[in-house]
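Worksheet for the structure shown next.
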Amino acid sequence: MTNAWFLDEESRDRWIFHRVRRTVLQTRTRFCNVQILDTAALGRVLVLDDKIQSAELDEAIYHEALVHPAMTAHPGPKRVLILGGGEGATLREVLKHRCVERAVMVDIDGELVKICRKHLPSWSAGAFRSPRARIVIGDAVRFILRRPGTYDVIIADISDPEEDSPAGVIYTREFYRAARRRLRPGGIFVTQATEIFYDGSGIHPVLRATLASVFGRADSYAEYIPSFSSLWGFVAASDRAVVAGLDREVIARRLKERRVRTSYYCADMHGRMLLLPPAVRKRLARKKRLSTKKRPAFVYTPGR
Amino acid sequence: MTNAWFLDEESRDRWIFHRVRRTVLQTRTRFCNVQILDTAALGRVLVLDDKIQSAELDEAIYHEALVHPAMTAHPGPKRVLILGGGEGATLREVLKHRCVERAVMVDIDGELVKICRKHLPSWSAGAFRSPRARIVIGDAVRFILRRPGTYDVIIADISDPEEDSPAGVIYTREFYRAARRRLRPGGIFVTQATEIFYDGSGIHPVLRATLASVFGRADSYAEYIPSFSSLWGFVAASDRAVVAGLDREVIARRLKERRVRTSYYCADMHGRMLLLPPAVRKRLARKKRLSTKKRPAFVYTPGR
Amino acid sequence: MTNAWFLDEESRDRWIFHRVRRTVLQTRTRFCNVQILDTAALGRVLVLDDKIQSAELDEAIYHEALVHPAMTAHPGPKRVLILGGGEGATLREVLKHRCVERAVMVDIDGELVKICRKHLPSWSAGAFRSPRARIVIGDAVRFILRRPGTYDVIIADISDPEEDSPAGVIYTREFYRAARRRLRPGGIFVTQATEIFYDGSGIHPVLRATLASVFGRADSYAEYIPSFSSLWGFVAASDRAVVAGLDREVIARRLKERRVRTSYYCADMHGRMLLLPPAVRKRLARKKRLSTKKRPAFVYTPGR
Amino acid sequence: MTNAWFLDEESRDRWIFHRVRRTVLQTRTRFCNVQILDTAALGRVLVLDDKIQSAELDEAIYHEALVHPAMTAHPGPKRVLILGGGEGATLREVLKHRCVERAVMVDIDGELVKICRKHLPSWSAGAFRSPRARIVIGDAVRFILRRPGTYDVIIADISDPEEDSPAGVIYTREFYRAARRRLRPGGIFVTQATEIFYDGSGIHPVLRATLASVFGRADSYAEYIPSFSSLWGFVAASDRAVVAGLDREVIARRLKERRVRTSYYCADMHGRMLLLPPAVRKRLARKKRLSTKKRPAFVYTPGR
């Protein structure tokens, strides 16, 4: 065991040092700094621009929580679009649903996708080679605006909107409107939606309100992700309640019919994730500003 | 803002530095090192022997999660015993139930109780002065063994069992047997039960199994506590299912009748806490060793 | 021993954590944040705006190195002016020279002086009560410009010039010119002069060149100060070589005559401090820019 | 710039974090953990078992200080033995003396030597390929005891004696006696001799006394090494004063005759290094225990 550490600067006031057993890779793609580290507590970890993106220890929880509530809420998703998701784990979860005929993944960073295929093989677990998968290296915004094609489920697995980061635009009303036009009738849009705090602070409520204003209905849900050291938020948006009201029996039946095998997601966890603490619910219910291209919402940026 | 930090050494491999705005108190009682710190991220914090015990930011969540599931599951708790709980917040939550006639709190560390009354006034919020409260400075084990008197609910709010710590004995079958003899018919014993990991590792399953072997029934539940940087476990034990099967309507009605006002606990959160991740449930279901006086279960000790 | 730490952010790339046994004081004066800490490795420490100013472990080395080379080089210093030096240790060292009739100390921060008298009593060791000492609470620049009076030795014991800090002006040609006018014939001006690096980088060479341009002669010298984790620089300036060429016998005789008792300074250490590494000497010899009011020289500022 | 750090745990109470730009290598040889890191503040660094061995920034100072005082004090060293010194920089400095006909380097760790040749090329700077150099992979103790051959200068460049480390035996009277038998008449033995503290604490005085008891004469000297964050000690031992009394002119002449080019060492620095702080000198003068095979002297071991 050596004294090498990765500092996850969660905020100016809370710093988490993770012991690193081995530095597998440190490089820079055209878009970001990439580190792949074998940590002692979290196993292998993907770090982009000094933020942990996913960890061997719990990537399954994060990716199952991102993918399955929306996929299961849809009665028969055939065409699915993934924005970002370079690790391939979101794709892996989507393809578990046998009804899916085509899963298109659009990631801007081709080098990163290659790195993940090589160094995080259990993340994609062969998904990149599936005949049902299509990988597009390109800009998600441009793809949404210019490419024809509609989808039953669209999943945004893009890093947090930080000040001056290009990801910021993905979390705005303008982008959500464009995404909505790519949904088929009854379609669902779901996105990772930053950390959730017990007191309801942070930008999650802004993102949910923005999505609700565009789609009509937007359900927040959350799970604790150890490698993010926080309660993590997601929002599923559609034109009517589908994720929130989903019946336990329906969940169980669909998972079984589609032969989806998970390590975390199930009818119980679906229910659990949608039960948000009262203070969060209260904050979500209040009127609030929306995230727009002109005034986008931002999270804390490490390194200041 | 100054560069003073408290290091929460969660394990040998994960170190969390909390920025400290002000050191309110550093002292040693007969039993432990005490620090009261105003941190930037968690607000005021009580630290005993280098472990965060509770924080202004989320002590309500921890204490409500510890107290209300058992209290609400009992149809009419009149006499309640609290073991430990020096901050006074467990007592505060217990007294919220109007039906309680007598709440006895037994803490070994009189100096600590004084410090908390003075420096953590919002934790006890006047509970120490309630005519329904009785504070006993003394050893919980001796109290359980020697003092007459029986209780409807017994709540163990004692720090984690660390190697060579006297708290260890509180988490053994022998102690649980003694505690059981102090329960009235239909009574419930509840205890904080260390960190829960998604993979079911750690000693929580051992504690639950030990309680089940003594009481007949033991329900695990969990909530994410930010200041502990982890999913925190609790176990409520009784001679039949009362906490796990509790009806939503019953919870809502009892809280209303007893005029209990909470910031976190409610029927939804009761349900959410009992929904444990599949891997944890699987591990809890497996046969396992028990914690006994001869072979007690221990958690990681910072500083080694 | 507790897990409380002070982070000395030496640069963006080197962070030194000092274990704190006890936080004696945290406060803010009109001018700066003040911390007095009992550290495990350095003993009691004075921290201003997150920078260690002096430490019980080695303050004698720093203060003897600042004071005695110039004082000893002067054949008979009677009137001495100290700029800054709030701890009182510079005054303590000056008064050790029996020939001194009047030592005037000008510090802008009256609150800080009070704090040091109370919490760092061994630093001043009674010097503040000496009938030969006069303490002026006021601005050093204004004092130098407006007050009449001349001195045999002027000692600047002022914190490093950081960006936007008012101390910056003390390290400029304009200030040095004003100080020079307060020197009696044969007088010596000496100042702490920031960290010295083996490769000659940093602003020490700029400060030395600026002093040489004003006084005619400026001798750099250096000593390793553990609590600063670096080789520390000083410059003694005068109209001819007095500090650099000082004879061993003269040093020994003057210290004896004036009954100066030191723990570190002696003829050997005088010689040692003036022997600078070749790369530093080379850099000092090169022509370079001067520090002026318009373009003052700055050191790294922690916290950015 | 990424948030990767190396923690140099100087003691239980002082931790130095160095920012790492790139992890060049992490591996384990038969004898130790090896890390080669590109740090932001110190440049490339060799770390063995979590202790910095040498750094690009200042390895020249350390190696020149280790090698040249003894080499220059000897009127004509022809055969030189280096114990340890796997980086090759000690060999590089030895070979700078043209009079050297044969330099034998004995290092136990052949893998480490290979790693250093490849990843620290500027340390050895071609010295390994010199026809005057002979590299022996083997145990220094066995070499000293069993191999014939005598030397003008023997240089011990072996890591600090830590508890339970095999290096411990190299720092004992028994080993020094064996080494002495390998010295030719007028020969000099020199060793790195751990950190020196201003108050004279630590094991340096024990090592010096042990060497003096064996060789007759042992001169301590010291220099501040930034990458070690401390004043570093060395001892040169012989049967009469040669290093301490060395004339400035002699140093300058010998360096010139032998065409030795250095970046740090010179007559001035020779003198400076031998001028030790008074408290250290006092401690060195006192009688003290010796380091023996039965009771060897140990330094602090990081990680405990």
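Going by the order they are written in, the chains are A, B, C and D; count residues from 1 in each one.
Keep in mind that, in the parts below, a residue touches a chain if its C-beta (ideal position, glycine included) is under 8 Å from a C-beta of that chain, and two chains touch if they have at least 3 such contacts.
What you are looking at is a predicted structure, and each value in this text was computed from that prediction instead of being measured.
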{"item": "Where subunit A and subunit B overlap in contact partners, by chain label", "value": "none"}
{"item": "Target subunit C, source subunit A, minimum contact steps", "value": "2"}
{"item": "Selected pair, greater C-beta contact count between C-D and A-D", "value": "C-D"}
{"item": "Same-site or different-site touching of subunit B by its copy subunit C, using the half cut", "value": "same"}
{"item": "Mean-CA-position distance for subunit D and subunit B (Å)", "value": "56"}
{"item": "Interchain centroid distance [CA atoms averaged], subunit A/subunit D, Å", "value": "54"}
{"item": "Centroid distance [mean C-alpha coordinates] between subunit D and subunit C, Å", "value": "34"}
{"item": "For subunit A, residues that touch 2 or more chains besides their own", "value": "1, 5, 17"}
{"item": "Graph class of chain-chain contacts, one of line, ring, star, complete, other", "value": "ring"}
{"item": "Every chain pair in contact, whichever chains are involved", "value": "A-B, A-D, B-C, C-D"}
{"item": "Footprint of subunit A on subunit D - complex, ascending", "value": "1-9, 17, 20, 22-23, 26, 33, 35, 37, 47, 50, 302-303"}
{"item": "Of subunit D, residues touching subunit C in the complex", "value": "1, 5, 11-19, 39-41, 57-58, 61, 197-198, 224, 226, 229-231, 263-264, 266, 268-269, 271-272, 275, 277-279"}
